[in-house]
Amino acid sequence: MTAVRCVDLCKTYRQGDQDIKALDHVSIDIESGDFVCLSAPSGGGKTTLLNAIGGLDRPDSGEVWIAGERIDTLDKGELADLRLRRIGFVFQAYNLIPVLTARENIEFVMQMQGVPPAERRQKSEAILEEVGLGGMGGRRPAEMSGGQQQRVAVARAIVSQPELVLADEPTANLDSVNSRELIELFKTLNQRHGTTFVIATHDELVMKHARRLIRMLDGRIVDEINQDDA
Amino acid sequence: MSGVVRISAQLAWRNLWRNHRRTVIMLGAISIGAWAMIFLTALSQGMVTEMIRDGLSVLPGHVQVHQADFRDDPNITNYIPIPDSEIEARLASGDFTEWATRINVPAVITSERETRSVTLLGIDPEREKGFTFVELDTIDGRFLDDVADTGIVIGRRLAERLETEVGKRVVIMSQDVGNEVADRGFRIVGVYRASLTSYEDNYALIGKRTAQELLGVGDHVTEAVVMGDDYRDVSAERAEVESLFAGEDDVVINDWKELDRYLATTLSAMDGFVLIWVVIIFLALSFGLVNTLIMAVFERVREIGVMLALGMKPAAILWQIVIESMLLLALGLVIGNVLAWVSVLPIRDGIDISIVSDGLEMWGMSNRLVPDLRLRDVALANGVVIVLGFLASILPAWRASHYDPVEAITKVE
Amino acid sequence: MFLVLRLAWRNLWRQPKRTLLTTGAMVFSNVLLIFMISLQFGMYGLMIENGLKVFTGDLQVQAPGYKDDAKMRLTVPNVAGIAADVRAVDGLDAAARASAFALASSEDRTYGVAITGVEPDHEPEVSSLPGLVKEGRYLDAPDAPEIVIGRLLARNLKVGLGDELTLLGSGVDGSFAAAVVTVVGIFETGVPDIDRGMTAMPLEYFQDMFYLGDAGHMVVVTTPTLADVPAAMTAVATLLPAGEDLVVLDWDTLEPGLKQSIQADLSSAIFMYFILVVLVAFSVLNTQTMSVLERTREFGIVMSLGLKPGRLARLVLLESALMGIIGVVAGALVGGLVTGYFSVYGLTYPGLEEMAAQFNLPGVMRPRVTLVSLFSGPLVVMLFSVIASLYPAMRLYRLAPVDAMRAT
């Protein structure tokens, strides 16, 4: 089954007096349960593609389908709902809500989905255990290291079992040890829950672990490698 | 949906205390503003209440009946063309707190040494005891006994001016019903005090029957008055008096608001003043409030972006900011209300403002200012702050909810 | 110094919205203060002018005790002579008066009235009343049996020009005093009490009627401006005949209600203004505290470069002062324009006429824009703004450069 299908996506930004083609006729299919890495130098279009897939940004032309549903035509409210129920996000850094504890950050999405408190509590405890943060649920982001914060972000992304997790440079602010651990966590979750992962990065370490590596340059897909051994 | 409301409220509360210095400063401003709104309003209302009470006490009678020409030409010839006994019977049949009939004419009073012009009231002391401006407990000598009392009661100031006292004689001159000068000697039986010294200067009281004899009007009076339960609204009493005197051609019925335009205007202007004062204070506060909200949103652009990306609806973001603002206002209002109450409490029996008494007398006010803390005004002040505060929060909140999540997340600090 | 000023100015516009809102609060308050203070000045000025010009004058010579208790026998001897002496002083106008209560009877009506004996030649110099005669004429002969009365009294007495009034009263010795006089003029001041109860007769005729001889009750004096009153009092005091017990009283003593009612009004107004100023100060406190907090890191860096905290504190105060100056300038501009408009075209609202009549004021208010009304409020706002930023400025002294640099 196809988790993500992009057809002929185009997106142009104006920067100063220059037009920048962030996406230039991009088409890809991502199978359900895949572990995909989008890699490109800065400004290569990987974040734009990720945002288009996540319904955060609308392409100028082309189509985006998530699990057989076309999403580039949805309105803002429907997109918000799509993100809330079917997609998990992990951003570069500072993506936790500072006034909420780790557990509350994890429960935040479930709370908006209307999950009952007891179930929320149980799920969040379980996922904290799973990402290796058992007992740290009461801490606020400021009281945790960068690596721990990213684990919380991952836990929040997957706790309501979305079909798709999108991560944008998740290791950019981490050292190599923490980066490695985060990737391990991604892979484990991918295998255990069958969640599709799409990660935009230019971190070699992450690319190495991708089952499918898509390289982009100037808004175009220039290379695709399947690394089934990864 | 309740999950979203809960999380919005929770975030709002926590965010409120994130920058506690800013919150405390804003709370201080809102509390002082709310305190000033309520405290000054209580004082002003107290002033107006006092003014109207004093003012109405010299015009005793919330609803008054006169002959049609009497108010333009306050002369004994313009007496009410209905026998007094008949008027009394009609008023007695009504459901009134107090009522009375009296003679009210201009006169000249002469002592051995001085001559003054006064307003001569011929009253039924039994009926008027309940609401007269004469402070009965501090009277020198005695009050009038009955309608046929042959003595006269004058004010303390007038007695001083006339260089006379209880027991001495004065001559009253006025005009009788036949346009002849009517004069008669009276023995002063009482000297009274009143809340405003101008009353003590202006009013001399004699028995109604004696006045009727002096002026030759037989069984007639110049005015009939009725007191209402609440001076603010005397429409019921007025309607009843109107029905009692329905069909009488030569009679006009007025309530005090028509009789004293100054007092009536002051009363209604006061409500306007309270509203203007509350709105001005709010406007002065609103700059700080909007400022705080804009800063709060500005500092949180990135996390607002994250929340939007995670699928929080823009409306929920908007509510989150609005709730934060409402919490701030509500807290400030609570403190302000308590402060106002606490500062009114020790002066609830009134404060002495006799230092400017002559000036206040120009306004028709006595020397005591009793704050009048009214639920209605407190509700108005709080209501205005909440409603306008809500409106003022909408703009920054709306802007926050319409951030583009992609731009918001990538915003550099 | 110029550099610091430029730095302060630039800092203000790093957060343009915040600065605009804070100065907006200042401008709002300043405009309000200017308008209200100008309006009060206008009102007080009118209250004093109307209160004094109609009748009281700026100062009076009386017998001691007459002010508190206007008794017939508390007289000023040779009253016209003293008035003439005062008139000889440069800049002063004066007129002699006597007054009494009497019963005035027309054919149909009788009312008690206050009668003032006046010098027809000089009364117009000290009182606006003669100019308010709307029908007939003012008095002209010093000893004619004539009277001018108010419009309401004429209506109550049912008399017109040329009708006769019988006056009954008691003379200075307590004896019976009576006269028959002709109504030659009817005035209208718009103040009900005056129009209903006041009358004027020629002084000499009055003195004959009440057996006063050459005595009267007061010499009314007016000065070019109220500021000249104290000097005039001294000058008049030296003119008084030796051996006579007489006092010179200024308007404030004669009409204590006037000044006190202004004071009472002023004190409640000052309370309101103070609250406004405090709220603006809070706004500034908030802004400057935040702005200092945001710049902790930056301040740490410049302090580690050797800048003393005092200079930084001064910078913060200067920023507040700059906002205050914007507030003063913009406030004076907008406030001056708004207030100026109303001072030309007048301001009224429903009910004002009834309220104003109580204080002898017209139903249209005109604010008076002066330098004081234009700048006193805004300058106080500015002062409090600078005071409010003392707290954030003082915090800089407690800043350790190393910690500050680490702050985010």
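By letter and in written order, the chains are A, B and C; residue numbering begins at 1 in each of them.
Operating definition for what follows: contacts are C-beta pairs under 8 Å (C-beta built on N, C-alpha and C of every residue); 3 or more make two chains touch, one makes a residue touch a chain.
Worth saying up front: this structure is predicted, and the values here are computed from it rather than measured.
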Between A-B and B-C, the pair joined by more C-beta contacts: B-C
Label of the chain whose CA centroid is most distant from the centroid of subunit C: A
Chain centre separation (subunit A, subunit C; CA means) in Å: 74
Interchain centroid distance [CA atoms averaged], subunit B/subunit C, Å: 26
Inter-chain centre distance, subunit A versus subunit B - centres from mean C-alpha coordinates, in Å: 67
In the complex with subunit B, residue positions of subunit C that touch it: 15, 17-18, 21-22, 24-25, 28-29, 32, 69-73, 100-103, 105, 107-114, 155-156, 158, 168-170, 174, 197, 256-265, 267-268, 271-272, 275-276, 278-280, 282-283, 285-287, 289-290, 293, 351, 354-355, 357-359, 408
Residues on subunit B engaged by subunit A in the complex (per definition of touch): 1-4, 6-7, 10-11, 14-15, 18, 302-303, 306-314, 316, 405-406, 409
Residues of subunit B touching subunit C in the complex: 19, 21-22, 25-26, 28-29, 32-33, 36, 40, 43-44, 72-75, 77, 106-108, 110, 112-118, 160-161, 163, 173-175, 179, 181, 261-262, 264-266, 268-269, 277, 280-281, 283-285, 287-288, 290-292, 294-295, 353, 355-364, 413
Subunit A residues within the subunit B interface of the complex: 51, 54, 56-57, 76-77, 80-85, 87, 89, 91, 94-100, 104, 108-109, 111-115, 156
